[in-house]
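The following blocks contain the structures, represented as structure tokens.
Paired with chain B in one complex and with chain C in the other, chain A is shared by the two complexes that follow.
Let's turn to the complex of A and B:
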């Protein structure tokens, strides 16, 4: 797979890759993928955590079963969505048709204009519970008497949220967003199992591109170059994070 | 008047909470229910008839086929081998490592504890090429041991940090008292620390089991022979055959998640506590 005695080419591989439009297209898709996932997962996760933190019957039951989908093999949950999203025999198109929202079935995964959107939604479904449970853990460390004192002083629900809850969970939200961002940036299985980067490169993120080049067309040098570029991007991000965010709010530097 | 208003507001709040919880449950339970329905529907019903809430003629033909005529049991054996080995080895290694980080003074401790966290930041896809080539060079390519090793690499950082936080919370006086009473270092770890961090150990064991059980990328890259494949990659492989039989995939999926559901239903509370709380609190 690698030439027996590869010649030394200096930085040629990097120059070649940085000059191809496909590479920049992949960078753009990776940023769209990471950004839209984060934008959905974090707010929804916090919302679910707030909901789970209320007092109601069957608390521990709900908490346990919300995390369950995250424990299932990613292969199982992803394939199951692929089956449900089928245009003709899939149940989601069927339901949408029954309630009269659409007339013709939607090609969720083979229409290049919405494929990315679909993949992001499926991934959001999978990762939101994880964020919710972690934030829930932070919510439970907020002392109850602060809320009681605020109630006595006449604070409303929104005031309590913005002046007590949010400042308390912010460090945890920030550090989790950061870790999740790094994971999302490299995430491979959900996209691969749903679309394999298609249709016509509509979901071809850098991670998918690396796998495809490495194990389908066996261009190892290109893959190694891409990996190093990815590593540099992530290292810079991590360094910036520790320098500007981590120390202040992330509580990672103590 | 004020009292009635407050009651009304409380009612609306309660109603909202249950509505939200109901909606979330629906979104998370329905897909799993749907896999179950698919797994007990006949092939013709799945392909040529509109989807139904419950099949007209439930059948277990897919389950029988998957168990008797597919490679499901081979995949299962491989997956169990990998996951059990990974969770045992992760447990042993992370206990030693975390104990050292929390209770032993040595040079470069701070640097080391931050560096292992960095491994956690650069996962999966970046490592596949070097790991693939290394596995080929040392003769572990297409061998489940390589999958075990790589998975331990992935589970260790989280496990070490989880246990370290637990160990940090044990008062230093306890180990000092034990030392005066003549306990060796190993005795302190084995007799005093481990019983105190039981929830942490459970968290690490479940976490590493589930991560390796669900792992897709590494077996896909490191294993080529289908008889050495794990469940996740094996089942995914069925979708690339000429005609996809979703009933069989659904049946295999249900059988793959049942161990996790049982596992989680029995010790899940402990796991969530460990994941969210961390630390020895009564």
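Let's turn to the complex of A and C:
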């Protein structure tokens, strides 16, 4: 982008990057980031959707409260979390100290052994409502008489879930997981706003690395190569998904 | 009938010509400036200043505030798309990227005219001079002296630290549990062991320069990376000792977090500018008055140096292409008049320092309430501007890769390797050397 007359280097950039341990470390962190987020967001989202689908007092309050993370701009909510997680003046450490759970402050974002976990939790908080609302939409399309018939036949709560609810929501869960996986693989704002890939590269996913290399040290050709590699990884994942998961479980090939 | 039709066409033509002519006459000239002063009060202050300029001259100045983390990427995209504004606010290391990409024009004539009237100190204007040509005008200064809680120092019987040893002693003594509940209430020093933003690297840079450590050396005419040196190793040895007394959360520390610590009175010593002053003076003037500033402590045989920037204004090639040069010149000549310049600096009173002798000595600036009230802090900040050292500009020339060298935040990354990952100083500095070499070789 910034070089007027760049020399032709063939596949040199690809070879150089694929031979760097740094790149594979970033791929590993991206997979950990995507996997842990999916592993938390989807089950919690389904659970919340099931709760929202029941009739009880205070349901509308719970529904509004659940949607709250999704109502504010991501920059606002993420920075709010960052302030709350500060070891010295953050409210979370303060509460944990008050209730006697800790004696020394926890360095949520500055300790490299827990930084990724913290960022994943914050992101889970943000994205769970999205999954919950989509699944709730599917839950509300299940005819009530199926449940009534199952009750008459003596089915319990777990039987109803595994034999009626789950088969109905599974296609929606699968497509949600797939879309979310694509977003998560490229996701930039939460990690950037919380840690910028640190401390000590503990949260350096490919998306963060691409931004840093492009706009902090201006290695545009490296960034272009990394972006193409990312595109190839995601294309292969998409193909694998449609081949083995989407068709069988998600009814996408119907 | 045909005659009537012709009259009608002529009439339409005349109206069209008159209309176009009046539009051209009435259309005001607009110049655009990009900057990263995004806090609302800074935008409002600039809006007021630029409106006054428009009333006086008829030239509109359109400001485009861009968040600092996105600023460089917008500029790069602007270069690629030939859509840069007429004027750009910039830090000196990024000036080199502008020169490298042939995106700006020399401003020698404008500079000479303003310099003659208002006088820029040499240490500041030379930051924008490259190969004998002036590429920008310093517009305000920001420096990061040592900021300390004078009341705590006094209580502990300590003098403001002058040497590295003094600072280490103070950091140890002032990390304390004041209310006896078994928890540390005050931390002796705030050392950002981080790469989130440039805070970590800028603090290391301040210490490194007081020990004459360098990253680049251009004295022979050829650029060499000289980061791995005894001076650098000594500096990191010292910082690793100092890190024992820093606040928890140092691994994710940025400017904002450090400012929050100052405002809550939790740190005894910190390398910081006057950004906290205006707000703390409004909310807790008593705490504000407890903070004092001094020069960066130096090691034995060291030199007085300081982290800071003379931020500057550049004129882009686009201004020349769009015929806005004269309007830009009128604006800059107007902006540097001490009364206007003071108003510009007061968009963040207590933080932005004058860069011309005329403004620094003017009554308008010196009688401004907060400047008058905290005159001692202002004096130190202004004085430290004379000792500022810029990354990539330190070794007898200006590195064309200064922007990338600075933007890599490697100084902070090396400290992280030592403090967080328990690397030896030798190994970490060696790693830093090879990373810098990769940057300049790229």
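As a working rule, the second predicted complex is superposed on the first by the 241 of 254 C-alpha atoms of A that agree within 3 Å, B and C clash if a C-alpha of one lies under 4 Å from a C-alpha of the other, contacts with A are read in each partner's own complex, and residues count from 1 in each chain.
By definition in this document, contacts are C-beta pairs under 8 Å (C-beta built on N, C-alpha and C of every residue); 3 or more make two chains touch, one makes a residue touch a chain.
Computed from a predicted model, the values in this text were never measured in an experiment.
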- Looking at the combined model built on chain A, do chain B and chain C fit side by side or clash? clash
- Task: Determine, under the contact definition given at the top, whether A:125 touches first (chain B), second (chain C), both, or neither.
- Result: first
- Task: Check the residue A:214 against both partner chains and state whether it touches chain B (first), chain C (second), both, or neither.
- Result: both
- Task: Report for A:169: first if it touches chain B alone, second if chain C alone, otherwise both or neither.
- Result: neither
- Message: If we overlay the two complexes on their shared chain A, which of chain B and chain C does A:109 touch? Say first, second, both or neither.
- Response: second
- Across chain A, the partner (chain B or chain C) reaching more residues is B
- Message: Looking at A:200 after the superposition, I want to know if it touches chain B, chain C, both of them or none. Which is it: first, second, both, neither?
- Response: second
- Message: Once chain A of both complexes is superposed, is A:191 in touch with chain B (first), chain C (second), both, or neither?
- Response: neither
- Message: Quick check for you: in the superposed arrangement, does A:238 touch first (chain B), second (chain C), both or neither?
- Response: first
- Message: I'd like to know which partner A:180 touches here: chain B for first, chain C for second, both or neither.
- Response: neither
- Message: Contacts for A:89 in the overlay, against chain B (first) and chain C (second): which applies, first, second, both or neither?
- Response: both
- With the two complexes overlaid, spot the stretch of chain C among 61-69, 187-195 or 331-339 whose C-alpha atoms clash with chain B. 61-69
- Return the residues of chain A at which the contacts from chain B and from chain C coincide. 2, 83, 89, 214-215
- Item | Complex contacts: residues of chain A adjacent to chain C | 1-2, 83, 86-89, 97, 103-105, 107, 109-112, 115, 192, 194-200, 214-219
- Task: In the complex, go through chain A and note every residue touching chain B.
- Result: 2, 48, 51-52, 54, 56, 60, 62-69, 71-77, 79-84, 89-91, 94, 125, 129, 133-134, 136-138, 140, 179, 182-183, 186-189, 193, 207, 210-211, 214-215, 220, 223-224, 227, 230-231, 234, 238
- Note on the structure: Interface with chain A, chain C side, in the complex: residues 69, 72-73, 76-77, 79-80, 97, 101, 182-183, 187, 193-197, 247-253, 257, 260-261, 264, 266, 403-404, 407-409, 416-417, 420-421, 439, 442
- The residues of chain B that touch chain A in their complex are 14, 17-18, 20-21, 24-25, 27-29, 31-32, 34-35, 38, 46-47, 50-51, 118, 120-126, 128-129, 132-133, 210, 213-214, 216-217, 221, 231-233, 235-236, 239, 246, 249-250, 253, 256-257, 260-261, 264-265, 268-269, 272, 275-277
